[in-house]
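The following pair of complexes shares a single chain, subunit A, combined with subunit B in the former and subunit C in the latter.
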Partner chain A sequence: MKRFLRKYGAFAKGSFEVAVMYRVHILLWVFGDFFSLGLTILLWVAIYANSPTEMIRGFTLIQMIFYNLIIHLTGSITYMSPLSDVAEDYYDGRISMSLIKPASYAIQLFFRNLGNNLFSNLFITLPTFLLIAAVSLATHQTESLAWLSFPVFLFSSLLGLFINYFANFIFSNLVFYTDATFGMFQLNQAIVRIFSGALIPLNFFPGWLRSLAGFLPYAGVQYIPAMILLGRTTGNDLLSAIGVQVLWVVFLGVAAQLVWSHSLSRMKVMGG
Partner chain B sequence: MIEVRNLTKEFVKYEKEKGLKGLVKGFFNAKKVVKKAVDNISFTINEGEMVGYIGANGAGKSTTIKMLTGILTPTSGEVRIDGIIPYQNRVENAKKIGVVFGQRTQLWWDLPLSESFLILKEIYEMPDAFYEEQMSFFNRILNLDEFIKSPVRTLSLGQRMRADIAASLLHNPKVLYLDEPTIGLDVNAKQRMRDAIKMMNQKYNTTVILTTHDLDDIAELCNRILIIDNGKVIYDGSLHEIKEKYGTTKRIEFEVRDELNDESLNLASVFNVHPDELEITREDKKLSIVFPKLKISVAQMTEEILRRFDVQDISIFDADIERIVARIYDEGKVTL
Partner chain C sequence: MKRYFKIYRVFFAQYLKQLIQYRVDFSIGILSFLLIQFSGILFVGLIFESIDSLNGWSLDQMVFLYGFFQIPRGIDHLFTDNIWLIPSKIRRGDIDRYLVRPINPLFQCVAERFQPEAFGELIIGSILIAWTSMRMGLSFGFTEIALTVVLLCCGSMIYTSIKLLGATTGFWIMNSMPLMTFVYGIADFAKYPTVIFPRFIQLLVTVVFPFAFVSFYPASYLLGMSDPWFVVLGSVVASSIFSVVAYRFWKFGLASYNSAGS
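Let's look at the complex of A and B:
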């Protein structure tokens, strides 16, 4: 186990070092991220200002603001983006350089993304968490968050990370079967954003869309952990929500392995 | 060590007709064309051998190498490297091989070179002592200390190639695959690369497979060459043998005192050979003639030119390996 971690940890180290190498890169990423969070919150303020009721679909403005802050948190905790890596590796031909190393490409990829995930956690998660704590205290809304559920929230987020990674990884295999990537990225990003609850809470969806969201794994990436931390999923519901996440992790993990084996055997490595 | 039996790789291409109409038509019903990139090849390479693997572009070299390194799965046939089937046991096989793909680097582009080596140390699970020993060896023969702290993206091509060759040999692999390792390098850098490769082979009995268009690399490093053309191995033997038997020409360079004018030399009729059998090049005061040595002797040709010109200097050469190989690429076969 230790050898495994040392070996693959090296890949995480590599990508993390690259991420922190350029200060401007860090600044732009963090700034852009919080800027869009700010815009989203302003949007909701405007929506609620124009709403006849104080509550929309079970959320007051304050609660909606917390929802967005927490979604921002879960977004950065579960940040894993293998799609661009796989596309770059493959079309460039540099995937061959990964394949000549004595390490599984799929695991290499996971750890490379883990390095970026660490970056995201250091520079976005931590500040967001402090921001949430500050806002809680400032608005005297410390009950808006179920702080006692925090450990469960973390566990749920960890499951969400794996669901996010496996789902994106499976999708990225399309790269080996088709030449068109640009539209693919946008499509995948849109689907994940909508069905993970990052755009709006899933209970805002009309019936048929809500049902569809239930069949997809993405709710488990952000919506489920967010609802736990907001104290809106408790007791038996909480247990079954976690259960659903675990099932998705297992199912997607196996599917990822199968899809990857198939891609590998049929792969036509570019260049030469 | 390396056993290749009836190795074949087919690629399926979908051919579309030209133009917009063809593109749309191709969307629904493209013609399937099967191309045999590697066609039933077999060879054995023993431990410690340094083999040149040459062929025209598109002949099937890279495809073969990709199957040997486990990156590509063959359509049929068998490959065994030290008993392991590479595409079935990719990770196991990878522990024993080193690769330099000249056009591409295996190093981390943005990080200082030293970081790449440290990462590779962990990936290849090298003990500290072994790592230190290897690093000092490579520092010595390749002068890596000069630039070991610089990010790889800031290195010159020569520096990057030296780094890549060290990276490929760091873990002391049993087999080293080199694909155009000296491309773009200046004379000194090329020599240093060749020396490093030779040293590893002598010290550790590393098996080396070299794919290159630089025949000087082959001449300096390899005792055996395999020529692949259109997916088939058309020659497998020593460099010496190919020169001996296939090199049926001689080249003589004459340096004459007076500027050569445009007078036709008419050597073909003088020696009673077809004009195509002679290759005559004139430049200022230099006259170079390539002729079939079995039909015209060196003495005869020299005599003729001495008779006609005021010759200052004479140089006599065996058939260029370049010329031989070019002919093989053209003809697609080797008749010995």
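Let's look at the complex of A and C:
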């Protein structure tokens, strides 16, 4: 175990150091990220100002603001984007260098992403968390959030991180079959945005879309943990929600292994 | 001028060959654009199940605006997508190639790539405009159509200029891509009626980065909610100022360009 961590920890350290090196680049990206969060919140303020009722689909304005803040938080805690690494490695042939290392590519990739994830936790998760705490103190809306469930929320987010990694990893294998890179990346982002609850709470969806979301793993990445911290999933529901996440982790983990060994058997590497 | 058309044709043919090579990437690109558009409309549609209008804008009008938003963006995307690559070209010293040829460097850069993925935006935008116009019983005469063409040209120029301004900062900072993405992202406000946002946002998208002239003002003019003279004049002034400033800035940046060696 110690050897394992030493071996793969180097990949996480490497990508974290790259992120630190490009800090101006990444800070601007963080800034843009908060900016679009601001846009979403302003949009909701306008929507509630036009609503005849104080509550829309079970959310008051302040609860909707919390929803968006927490979705932002879970998005950053579970941030894993192997698709861009795979696309880059494959595109310029560097993947052959990674494959000949005495370390599994899938695990290397996980740790490389963990380095980036750490950076995202420092610069997005932490400020978002402080923002949530500040808003909840300033509006005296402490009861909108289930602070007692915070440890469960963190555990659920951690499961979300694994679901996100495996789902994106499986998706990124499509690069080997289609030779498409940038289009793939955008497609993945669009799907995740709709079905993870980042676009709008999933209970706004009409029935058919809601059931489609149930067949996809993405709700387990952001929506399930967010609803736990909002105190909307409690008791038996809480147990079954976590259970669903665990099942997805196991299922996607096995599927990722199968997909990867198939890709490996038919991968062509050009250049490098 | 004629020479430039001829050169553009040559570049275009070259690009088509590349495109055929990556046709799967291309079709997936289109698919993802469709999905992104779907999610935008889905959001508006779901919101309007709970409200009847947003500061006086009905669902049809919102979707009309959303459709109109796509068109100048699509035109900009179709022709000048290569500007996005300027920061990395500066970093790698690839600007050298443009400088040694006796053709305008910016023209070479723009002509190098034609982005047919943009047809996704143009087609979706046109469908949404046509569909909502029909639903609202709108009909446009010659004046409206002529002014719309002018407004669309100005709107695309605003996009391209702001993108070029962002890209040019790459002559001084290592990677200006995130800055470009951020500034270009301000345009997202223009998908919605500017009037629903607080005053400082309205100022931001009207005066500082005039994205409101790309979609909100033209759409509200066509919907009969805004004075045409203000819209046309504002659009022409904003796009002229921005294209002159952006081009000057680009020339200035180019003058201080140092190659990357090797």
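The criterion applied here is as follows: the second predicted complex is superposed on the first by the 271 of 272 C-alpha atoms of A that agree within 3 Å, B and C clash if a C-alpha of one lies under 4 Å from a C-alpha of the other, contacts with A are read in each partner's own complex, and residues count from 1 in each chain.
Keep in mind that, in the parts below, a residue touches a chain if its C-beta (ideal position, glycine included) is under 8 Å from a C-beta of that chain, and two chains touch if they have at least 3 such contacts.
In this text, all values refer to a predicted model and were calculated from it rather than measured experimentally.
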Q) If you stack the two complexes on chain A, which partner ends up touching A:K7: first (subunit B), second (subunit C), both, or neither? A) first
Q: Examine A:D179 and indicate which partner it touches, taking first as subunit B and second as subunit C; both and neither are also allowed.
A: second
Q. Of the two partner chains, subunit B (first) and subunit C (second), which one does A:L158 touch, if any: first, second, both, or neither?
A. neither
Q.
Applying the document's definition of touch, where does A:A106 land relative to subunit B and subunit C: first, second, both, or neither?
A. neither
(Q) As a test of reading the superposition: which chain, subunit B or subunit C, is in touch with more residues of subunit A? (A) C
Q: Look at A:V18 in the shared chain and tell me whether it touches subunit B only, subunit C only, both, or neither; answer first, second, both or neither.
A: first
**Q.** Partner chain in contact with A:V246 - subunit B first, subunit C second, else both or neither
**A.** neither
**Q.** Which of subunit B and subunit C A:I56 touches, first, second, both or neither
**A.** second
Q: Mind sorting out which residues of subunit A both subunit B and subunit C touch, each in its own complex?
A: 22
Q | Contact footprint of subunit B on subunit A as seen in their complex | A | 3, 6-7, 9-11, 13-14, 17-18, 21-22, 93-94, 96-97, 99-104, 264-269, 271-272
Q. What does subunit B use to touch subunit A in their complex?
A. 11, 61-63, 65-66, 69-73, 90-92, 94-95, 97, 99, 101, 103-106, 108, 110-111, 115, 118-125, 179
Q) Residues of subunit C touching subunit A in their complex? A) 22, 24-33, 35-36, 38-39, 42-43, 46-47, 49-55, 117, 173-175, 177-179, 181-182, 185-186, 188-189, 192, 196-198, 201
Q.
Quick check: in the complex, which residue numbers of subunit A touch subunit C?
A. 22, 24-26, 28-29, 31-32, 35-36, 39, 42-43, 46-47, 49-53, 56-57, 178-184, 186-187, 189-191, 193-194, 199-200, 204-205, 209
